[in-house]
Amino acid sequence: MKKRLSHYDSSGRVSMVNVSGKNVTERSAAARAFVRMSPHVLAALPSNPKGDPLEIARIAGIMAAKKTSDLIPLCHPLPLSHVSVECHLRPDGIEIVANASTAARTGVEMEALTAASIAALTIYDMTKALDKAIEIREIHLLRKSGGKSGDYKRKAQT
Amino acid sequence: MKKRLSHYDSSGRVSMVNVSGKNVTERSAAARAFVRMSPHVLAALPSNPKGDPLEIARIAGIMAAKKTSDLIPLCHPLPLSHVSVECHLRPDGIEIVANASTAARTGVEMEALTAASIAALTIYDMTKALDKAIEIREIHLLRKSGGKSGDYKRKAQT
Amino acid sequence: MKKRLSHYDSSGRVSMVNVSGKNVTERSAAARAFVRMSPHVLAALPSNPKGDPLEIARIAGIMAAKKTSDLIPLCHPLPLSHVSVECHLRPDGIEIVANASTAARTGVEMEALTAASIAALTIYDMTKALDKAIEIREIHLLRKSGGKSGDYKRKAQT
Amino acid sequence: MKKRLSHYDSSGRVSMVNVSGKNVTERSAAARAFVRMSPHVLAALPSNPKGDPLEIARIAGIMAAKKTSDLIPLCHPLPLSHVSVECHLRPDGIEIVANASTAARTGVEMEALTAASIAALTIYDMTKALDKAIEIREIHLLRKSGGKSGDYKRKAQT
Amino acid sequence: MKKRLSHYDSSGRVSMVNVSGKNVTERSAAARAFVRMSPHVLAALPSNPKGDPLEIARIAGIMAAKKTSDLIPLCHPLPLSHVSVECHLRPDGIEIVANASTAARTGVEMEALTAASIAALTIYDMTKALDKAIEIREIHLLRKSGGKSGDYKRKAQT
Amino acid sequence: MKKRLSHYDSSGRVSMVNVSGKNVTERSAAARAFVRMSPHVLAALPSNPKGDPLEIARIAGIMAAKKTSDLIPLCHPLPLSHVSVECHLRPDGIEIVANASTAARTGVEMEALTAASIAALTIYDMTKALDKAIEIREIHLLRKSGGKSGDYKRKAQT
């Protein structure tokens, strides 16, 4: 019943969680980020339905997922079997959903969250000349599956 | 008066902004991120006033600032002269403020934002065993100085 | 019978190919590159039979194979079990052959091609003071084995 | 009059060329690569005039330019002020032209060549499911300017 | 009975050892480094028993273990399942012990040694303002287990 | 007269030293490492006077110098103008001397030390099949020049 911070051993020292005893299973996770921007910035995104800046953001997110263990100090390197990033235009900004999958001894939540975050920062980078007040909001895990801690699905917020 | 998306040339093709004609000047920027978490997770952070997970998050943020041009596709590599990341305990979560400075032909907004974002993701990684609903919120630029586009300071939100 | 571009899903959106359903099998690939240079540049390569610049090119190629998924946006990270790069002096230049092997759910063609390409660029870098017209030619896959799409062997060109 | 291999010192030992005594000047370079593919593969590239796979290749090339000193063992790290990559559809394949600029003590030829090469490999990666015989051809320097060794412009080939 | 240098094939050419034929087994290794410093530098380390500079060194060591195959030219990339780094204050300096584990076809000695070495360099970096004569001493393997070559345990030195 | 640990600000918090106020000057540093090995291992190094494993170690050291700011958490990224690594056969092992130069606001001691350390680890990696008791010893700074803190030259040890 007693839960501890991740990556701390019983003596309170930080280390990478030892997953040697865990089974290799299929695991996946999805994360979401939202880039809030004003209508005039949204209007400046190419009218092309596929939206170029969003294409670059998608690629940046996919590439960042592969760098997760290089960015987050205690993350394990994982052999990703799939990463995708989707960008959806909303009336008040751009919604990003990132998915990641692996067959490994530990989960891919951080990979999905990193992909979504870097995709959001990339959109910021390409729109910042138009408005410096753009804000990235609500980066969170949508769901995860696989692994001993069981599945998780974020409850709808009210 | 007509502003364009960053990193798009006049023919609408993406490229890294050409800063060859700009002057090398001192530039700095600060960015903020907020990791909202429930009181029981906050209570689990070490009682030590310096807070270990926050120390790791600070380092992760500093190291990530140095990788910004590797993460954001169209960012220029910059010779950073200073990066710092502060983490403050708030009643409803942890506030992160990242600062970056350089002497270069272009600004360090993305470096400050990347540092704040990766510090936030690192806190998430170390607390996720306690609560998967932790959320990163309100990543934005606080201020920037230096460069032709002038200084910027975020207005207080109401 | 209908083949699609790699890395595009059924809705035409780019993502990393989902290999979750594929089996882990032994896979290998070989690629070739050719650096054409004039006889006086070839003569300037050390007379030592092992040829130092070629030794550096070999190492650069081996190290680059390990970075393939960091360079090619939609490549999966793979646990390489073997990489080798050979450089052969030919009358009109240097022929490079790179081999890569893995036990994974997807093939190592890109790793072999990246190793050959970066080895070729490294030779260019060390000989460019002698002749800027040196050209890298004919980077292609020689063969691959393993995986559902079957083996491939390049036909001799005429 | 006696020219030596780059990166070899007077005792024949490899080292990074010492550029401490050189002046910081504006330097630029352009390189070209050609991906030869059959008409049926070219036809499978999206009919969209901007061509998605080419967009990804452009980004991969720009990002690779920033990694040049990490890939080519004896290259100096350079503060790039501009990188662009263009992809042009030709009847027998795709022509890639990469440009790079810096203000530094040494030139950006390798950055332009690396950008063109990785863009070409990325196109290969996305079209290889259609035809494994696709070939990258004729990677070479188009021009360079700046620096003591003077300007260079490749002669038209006949 | 005839042993060869690692990473050289039968023709004397360097390549990454081919581990395709080896079994995936659990492997672990421990390495040690010692940073010798004078008592006045040791005294300047925070009196806090956990010692902040040592915390940063631990994280740097853990992150470096994940970069081993990027640093050591012929190392295989390995899916690390655990890394930890401990720093112990001794009367004449700081003793570092790094542990690494994996399930792979080759061992993790280099990962443990790299973690210990970079942790030691990080301590040097943070104490060098106090004394430039600080020295890193005695980086060596303490033990390894798993793999065909059997277990190894360093004999106590006299 | 009161010296502080590097990278700690006046409030005791870790950050990258702020070098914004420092002048860009020419700076250089040299570092040394020693790999002690038994005569039978030394004898196994190729009889070739240039020594292949030492060539690979040299290159690994040069490439590692360029990654220093990626490895040592609080190091500044520096535009290196020169790096060289020399390996000398000694009766009881191999002596490594690494040199680094830059024109920057802070010194290159860590770059020289990192180059020497990774070159030493690379030699270990290539000789470990012959003797696991090989030890890296005495990594230290030999000299530095440039910068406000003045020149430094290590005193001969007795």
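For the reader, a short list of remarks on this structure follows.
Letters A, B, C, D, E and F mark the chains in the order given here, with residues in each chain numbered from 1 onward.
In the analysis below, contacts are C-beta pairs under 8 Å (C-beta built on N, C-alpha and C of every residue); 3 or more make two chains touch, one makes a residue touch a chain.
No experiment lies behind these values; they were computed from the predicted model shown.
Listed by label, the chains touching chain A and chain F alike are B, C, D, E.
In terms of C-beta pairs in contact, C-D outnumbers the other of C-D and C-F. Interface equivalence for C-E, evaluated over E-F, C-D or A-E, points to A-E, where over half of the contact pairs coincide by residue number.
Farthest from chain E, judged by the mean position of CA atoms in each chain, is D.
Each chain gets a centre from the mean of its Cα atoms; for chain A and chain D, those two points are 32 Å apart. Centre to centre, using the average C-alpha position, chain B and chain C are separated by 37 Å.
Of all residues in chain F, those touching 2 or more other chains are 14, 52, 55-56, 59, 63, 67, 70, 73-74, 77, 79, listed in ascending order.
All chain pairs that count as touching, in label order, are A-B, A-C, A-D, A-E, B-D, B-E, B-F, C-D, C-E, C-F, D-F, E-F.
Chain E makes touch with chain B in their complex at residues 48, 50, 52, 55-56, 59, 63. Those residues of chain F that touch chain D in the shared complex are 26, 28, 55, 58-59, 62-63, 66-67, 77, 79-86, 101, 103. Those residues of chain A that touch chain E in the shared complex are 9, 13-20, 69-70, 73-74, 76-79, 104-105. Of all the residues in chain C, the ones that touch chain D in their complex are 3-8, 12, 14, 44-46, 52-53, 56, 59-60, 63-64, 67, 70-75, 109-110, 113-114, 117-118, 120-122, 124-130, 132-141, 144, 149, 152, 154-155.
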